[in-house]
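Inspection log for the structure reproduced underneath, given as structure tokens.
Chain lettering (A, B, C, D, E and F) follows the sequence in which the chains are written, and residue indices restart at 1 in each chain.
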């Protein structure tokens, strides 16, 4: 276990204490290095760099994934992770709403629907 | 001139005091309402909402435009605008670097090249 | 309720008499302004402008959403709406088929699958 | 020369009488079949199908290329072609403006800039 | 039945002996020409060209569909087809993993998840 | 200099003996870690993995970058690199042509134009 891996694991655990295990388990039989690299590069190298706090980094990620619009599982994971590290629900919905400007209303609506599902599952808003 | 337009104009001027005039001039003869709507909706309605400060909004925009990778003029405009409202060069380059994770290395490299051009034109780094 | 909102609501109702209520209800507890803005800007400002009839606008929207390929719920909504305002099923399938040229065969196939589900739910073609 | 090729050539010539020669010349030494296929499939098979008139097809193409935002040469070619077959400048700018809703303001602004260049080169609006 | 169609059908059958029937059946009542064109152009014209073997072509397709990230059904179909024509599971997972570099980690993770589902359904790896 | 960096540098040099220096120089004053990470992760970790030869990896990259259509400098770099490691011009043009199927004709045409520029600069085809 490299130092990058250890650092990445700690950073990922901060975002979601179950994510690393899920990631490792998911690709264990098909490509374990995808889990290893995901822990090492994004979480070990990038997301813990100085110069930008972790909360702002998560909001930037939510912005990008909402705009790209083709990776809803990751978007939901990062919305949940952002809440775990102390981003307010309001900051998250504001970032998603803002994407109507840069990526169009369908992207914003689908991003907000992802947030709604996460917020409901955590009791932040009431499921109907 | 609606209240939304006036508010948007003020917000856009904060980002770049020449942008509104350029936008209006650019589309005057072909579709003036594109300039009007851009001032009203993004700048009048969205970017001045409460719940997220303007600096974080600009970093989210830089994240999204770097990830999308198909609107370099706007990316450069927002990098310049982010500097104008007080984002540090470091925060901007960190957001762009982070996009290597979510949109790949070519997107990050092209985003960083855009930042480099803006930083050079403002003397933040020295042109070679 | 602004004049833009009232105009937008009327335009959206023309497309789908249940859509506004669904949109408002969906985001009521998380971000009601996303519904408000969607009614005001796309439907109040843009889609009722002169210079292009509503049917051609809907076909243009179907073209774009098929090509982008990352917003199937909105694509299905606009296919259904296009039928409601009098676009023929043939015009819709021709636009989608045409996207094989500009966005590739997978995009066209996924767009046509969306159309198929809408057409079946309305009895235009028989579900199997 | 297949029947599809002959039909496609005629259709492409209707859009732009120089386009076929340019396309053929451009790829003669590297991949002549790309020109051949472009004439056969898009122009020979798809764009002359019944059920949707050529003008609406061009507007749908302009919508898609504006939304995708990564193929400006083709967008400009189709804006020019649309004018050649009788689309009004107004219909073209309306389609592009509409894309602010479905693909965001940067996409619409870059599409309008493409239209502006085409319109200026044809004297529809005055270059400054 | 044109010669292109016959050649395409044979090529598609090599990839997946049920695909053609599924494709034809799927669009029979809504747009049969989409199935016809898919057999003729991709399979009849392109994928059987000389200069690149079919296995490498399938790996290139898997690369592109993983990177685009908005056409999972086609990605899964091509992963399955690649296995049918003799691509190794390892070659497929390597191509998908490589897309983390060019399109980001979410794209690679979603592509690998698609591969996992295909591999499990074929008993290449054990479902849990 | 980590082992990953050293391995990556060697791999990148194989592709293009000037690329590393250009990359390092380009981002020296703005974000040197982007060059470092590009050498370490894509070239040190991914592109030299077993299970897929380097030539096929480059063709997969060319496929993805052609399909994405928003990173022409990198596409041209990889076309040039692919030639350096022994990919035939024909294999490269076939991969690009194939993308007309998966990402549409504009993407294929813009990819082929990139290849044409690279081939001309190397005298593979004659510039006109």
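Assume a residue touches a chain if its C-beta (ideal position, glycine included) is under 8 Å from a C-beta of that chain, and two chains touch if they have at least 3 such contacts.
These numbers come from a predicted model, not from an experiment.
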Could you label the chain B-chain F interface same or different, taking same to mean over half of its residue numbers are used by both chains? different
Approximate Å spacing (C-alpha centroids) for the pair chain E, chain F: 23
Suppose each chain is reduced to the average of its Cα coordinates; what separation in Å results between chain B and chain D? 29
For chain C, which residues are shared contacts with two or more other chains? 33, 37, 41-42, 46, 49, 65, 67-70, 74, 93, 97, 99-103, 105-107
So that we know how the chains sit together, what is the shape of their touch graph: line, ring, star, complete or other? complete
Chain C to chain F touching residues, read off their complex: 67, 99-107
Contact residues on chain D for chain B in the complex? 68-70, 89, 93, 96-97, 100, 105-110, 112-113, 115-116, 119, 125-126
Over in the complex, which chain B residues touch chain C? Could you list them? 33, 37, 41, 45-46, 49
Chain F residues within the chain E interface of the complex: 41-42, 46-47, 49, 51-52, 56-57, 59-68, 74, 88, 90-91, 93-95, 97-103
Which stretch or stretches of chain E touch chain C in the complex? 26-27, 29-31, 33-34, 37-38, 41-42, 65, 68-71, 73-74
